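Each chain gets a letter, A, B, C and D, in the order it is written, and its residues are counted from 1.
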Amino acid sequence: MNDAGLRVRPDGEAALQDLVIANRVLAHYGVLDGFGHVSMRHPRLRDHFLLSRSLAPALVTPDDVMVFDQDSNATGGDPRTAYLERYIHGEIYRARPDVQAIVHSHSPSVIPFASSSTRLRPIYHMAGFLRGGAPVFDICKCFGSTDLLVRNREQGVELARILGDHAVALMRGHGFVAVGADLRVAVYRAMYTESNAALQQKAIALGGDVVYLTEEEADKADEMMQGVITRPWDLWKEQVLSAR
Amino acid sequence: MNDAGLRVRPDGEAALQDLVIANRVLAHYGVLDGFGHVSMRHPRLRDHFLLSRSLAPALVTPDDVMVFDQDSNATGGDPRTAYLERYIHGEIYRARPDVQAIVHSHSPSVIPFASSSTRLRPIYHMAGFLRGGAPVFDICKCFGSTDLLVRNREQGVELARILGDHAVALMRGHGFVAVGADLRVAVYRAMYTESNAALQQKAIALGGDVVYLTEEEADKADEMMQGVITRPWDLWKEQVLSAR
Amino acid sequence: MNDAGLRVRPDGEAALQDLVIANRVLAHYGVLDGFGHVSMRHPRLRDHFLLSRSLAPALVTPDDVMVFDQDSNATGGDPRTAYLERYIHGEIYRARPDVQAIVHSHSPSVIPFASSSTRLRPIYHMAGFLRGGAPVFDICKCFGSTDLLVRNREQGVELARILGDHAVALMRGHGFVAVGADLRVAVYRAMYTESNAALQQKAIALGGDVVYLTEEEADKADEMMQGVITRPWDLWKEQVLSAR
Amino acid sequence: MNDAGLRVRPDGEAALQDLVIANRVLAHYGVLDGFGHVSMRHPRLRDHFLLSRSLAPALVTPDDVMVFDQDSNATGGDPRTAYLERYIHGEIYRARPDVQAIVHSHSPSVIPFASSSTRLRPIYHMAGFLRGGAPVFDICKCFGSTDLLVRNREQGVELARILGDHAVALMRGHGFVAVGADLRVAVYRAMYTESNAALQQKAIALGGDVVYLTEEEADKADEMMQGVITRPWDLWKEQVLSAR
């Protein structure tokens, strides 16, 4: 345990535990593998956020969580290696006061949409949060040839701009971000962004016409789903706790 | 344990155990995830049905089962939260006296057909119950823009009307229902609706002509399969019991 | 234990054990699920064969194995329920003296080819046994509308005729059979029929030209693979034994 | 334990352990099944290499590792059966002094590209090492009809020639090789060659235009990824060690 980890305690103990569970759940279901990350706003310092040190999500424990300030700098002189892409989190938290948690993932059904001219759209009520279709952030449009990572504040600002008020933005040649007004909602959205992408892919391959949710249906479905978010969260939590 | 759970006992003890196993089997195979549900008619009160309180199917125990009347209202003043979509069950039981059990699922290979103009049809003998192709219930046709859930009796009545005398009806942008004259048959049909959808998808993607079962073949295969239903059921039961 | 089970002992003890392992391996990898079966010739009585009683393959133990005569009748007055489709085995053993073991499967990547005009062909060296493409047995051509099962000797004879000297024959709307001059080879072929089907499906979906193995390549690859059959068999055996 | 195994010890003990872990990781993730292999250069004798005896990768232990000379002959009179295709390794090590480890795999998403006119190209930053697209070695172009294995030095030389300075070469009707300047990098590349192939397949099936990484993006992404190689390696190592 170290100072940075302690900083969030004791009143943030429950938040820390939930963040660890979020890491485990997303790894358990393959939404995160050796890469990707999930963060949440600091429970007291609203312009700070909590994010693991650079580590595979499946291995994250409470002691691995670091505290970052609004410029995505580690606080308290925490010397541990941070994820290169922490700016994704910092800049979205800055641009979106409603967002309390963020998942950045490379999950396998979503990448194809991130690199295709075919838009990811909500095909069922579980993914109403994709209403209107997910926008795509193509880093080369503003920043030329890069390694595709979001490595600084400027790139994070542009990603947040593309995200706008959407719940999900795809990142060309890279992955996606999903955000929520609650950690459980952000996790849910990352999980079902992957699911929706897999389903839409299959629907397209059937060759017939595909009907997507209208914006009104999507809005209503998204609102409904946030009302029952406890149900899948409790299941996932039980699954990762019993798998330890 | 509570009054509502007890109501079905003691002569319904075996039914309760089977319903729990049905929940676990469908969750184990991914036909149900955090959502979806399976019900059965009450073993004595034929216009009542048994359905878990609002809970992820993998977590359901006998004590979670509630008793609903023909209008899908909880009986005995049971104060626990019920699934929003219990009307699916109530109205199908009312319209279809032959039906003893119902599964409502969002399984991943079926949704694409529910949102496509390509019809789900029986591609092999395991899915003869899909004879003639599964009808599609599109809630917006009668009810306009909704969150896609079946939230009241009227919507349940319309779903039951579309189902007609079929074994399976798809629900656009949502999922499907599978029914049977026996709990094990309904579970079997939900499992193999998913399988058939996956196989049909692949067959279509091969690009050649696809041959489906004729209605006569489908009828014969369905009848045959119901005669050997014990075999897969015993396997699935063994798998979920040994996984506990 | 019963007389029929004992009949094959004691000199057939190793054969019985291998047959049980074959059942478990094929179930473990999803080539068999609640249905399908694997048989072998009786080690002493060459016109008899060994096949489990009607049971999900994952649950088969040595005591479940029955002995059938050349007409697919149970021997020794064994009263247990036999698989309806045991005639698949009896008639192939009669027509193909070189065959020592047979797998009948409904595995998920193969069915689409059984119902499509696109032929299953060897796409890699692991499936040289598919040389020339797998023939398709369409039961309705000779027997009209049925439940698609091979339920009698006449249907078994026709299936064996379509199989000819191939290693694999597909069954329209149903599944396939894979045969071998050794139990391990038949299991291997069933496993890699499934794999080849999955790979060919993906190759076709890429949209480009697909190159298959020539017949000469297929013959050489098949011969080579039979020479190293111990390697995958030992792995699979280890996996199912450690999973018990 | 035997002389050949001892030969690499004691200063190569860590290398041996890593090679065993590499075998287990690749088997755990299905990049290797009963077939395929991974080798590394001998830590002291730079023109020799370490490779298991002929065995399923999941079962490899330190004692199974043999030492081969630059002509792919077993050293020290080691009498154990070697992989038929050890020449893949020997000739690539000879042609590519920068290469320290090699994986040869038949993984399921890659084979379709090896047999298709559609080229495998980097679709995301995890697979920058595929820059420019993977070349395809078609053994029949130089060697006519074979069983598709690389069975001698001449065939290995030709494969190494096609590989050139790429990180990955596909082998028509067979599989692929992935190389790296470090064992962990070669394992990573084999894992993500499989992933990239699966993603590219899905992207193509969406029917829209697909954007791949430019060569400059691919180079930068590959360099970046090698800098964080410890993260996935530590995860994979933990997973296979805890699964024992």
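Note that in this section a contact is a pair of C-beta atoms (placed from the backbone, for glycine too) under 8 Å apart; a residue touches a chain by one contact, two chains touch by 3 or more.
Predicted model, so just to flag it, every value in this text is computed and none were measured.
Trainee: Chain by chain, through touching neighbours only, how many steps does the shortest route from subunit A to subunit C take?
Mentor: Minimum step count, subunit A to subunit C: 2.
Trainee: Among the remaining chains, which ones contact both subunit B and subunit C?
Mentor: The shared contacts of subunit B and subunit C amount to nothing, since no chain touches both.
Trainee: Name the chain whose C-alpha centroid is most distant from the C-alpha centroid of subunit D.
Mentor: B
Trainee: Given that subunit C and subunit D are copies and touch, would you call their interface same or different according to whether over half of its residue numbers are shared?
Mentor: Shared-number fraction below one half, so different.
Trainee: Would you mind pulling out the distance in Å between where the CA atoms of subunit A average out and where those of subunit B do?
Mentor: 33
Trainee: In angstrom, rounded to a whole number, how far apart do the mean CA points of subunit B and subunit D lie?
Mentor: The separation of the two C-alpha centroids amounts to 46 Å.
Trainee: Would you give the residues of subunit C that are in contact with at least 2 other chains, written as numbers and ranges?
Mentor: Expected reply: 205.
Trainee: According to the definition of touch, which chains form touching pairs?
Mentor: A-B, A-D, B-C, C-D
Trainee: Give every residue of subunit C touching subunit D within the complex, in rising order.
Mentor: It comes out as residues 123-126, 128, 195, 198-200, 202-203, 205-214, 216-217, 220-221, 223-224, 228, 231-232, 234-236, 238-239.
Trainee: Could you pull out which subunit B residues touch subunit A in their complex?
Mentor: These residues of subunit B touch subunit A: 33-35, 54-56, 58-59, 84, 106, 108-109, 111-118, 138, 140, 145-149, 172-175, 201, 204-205.
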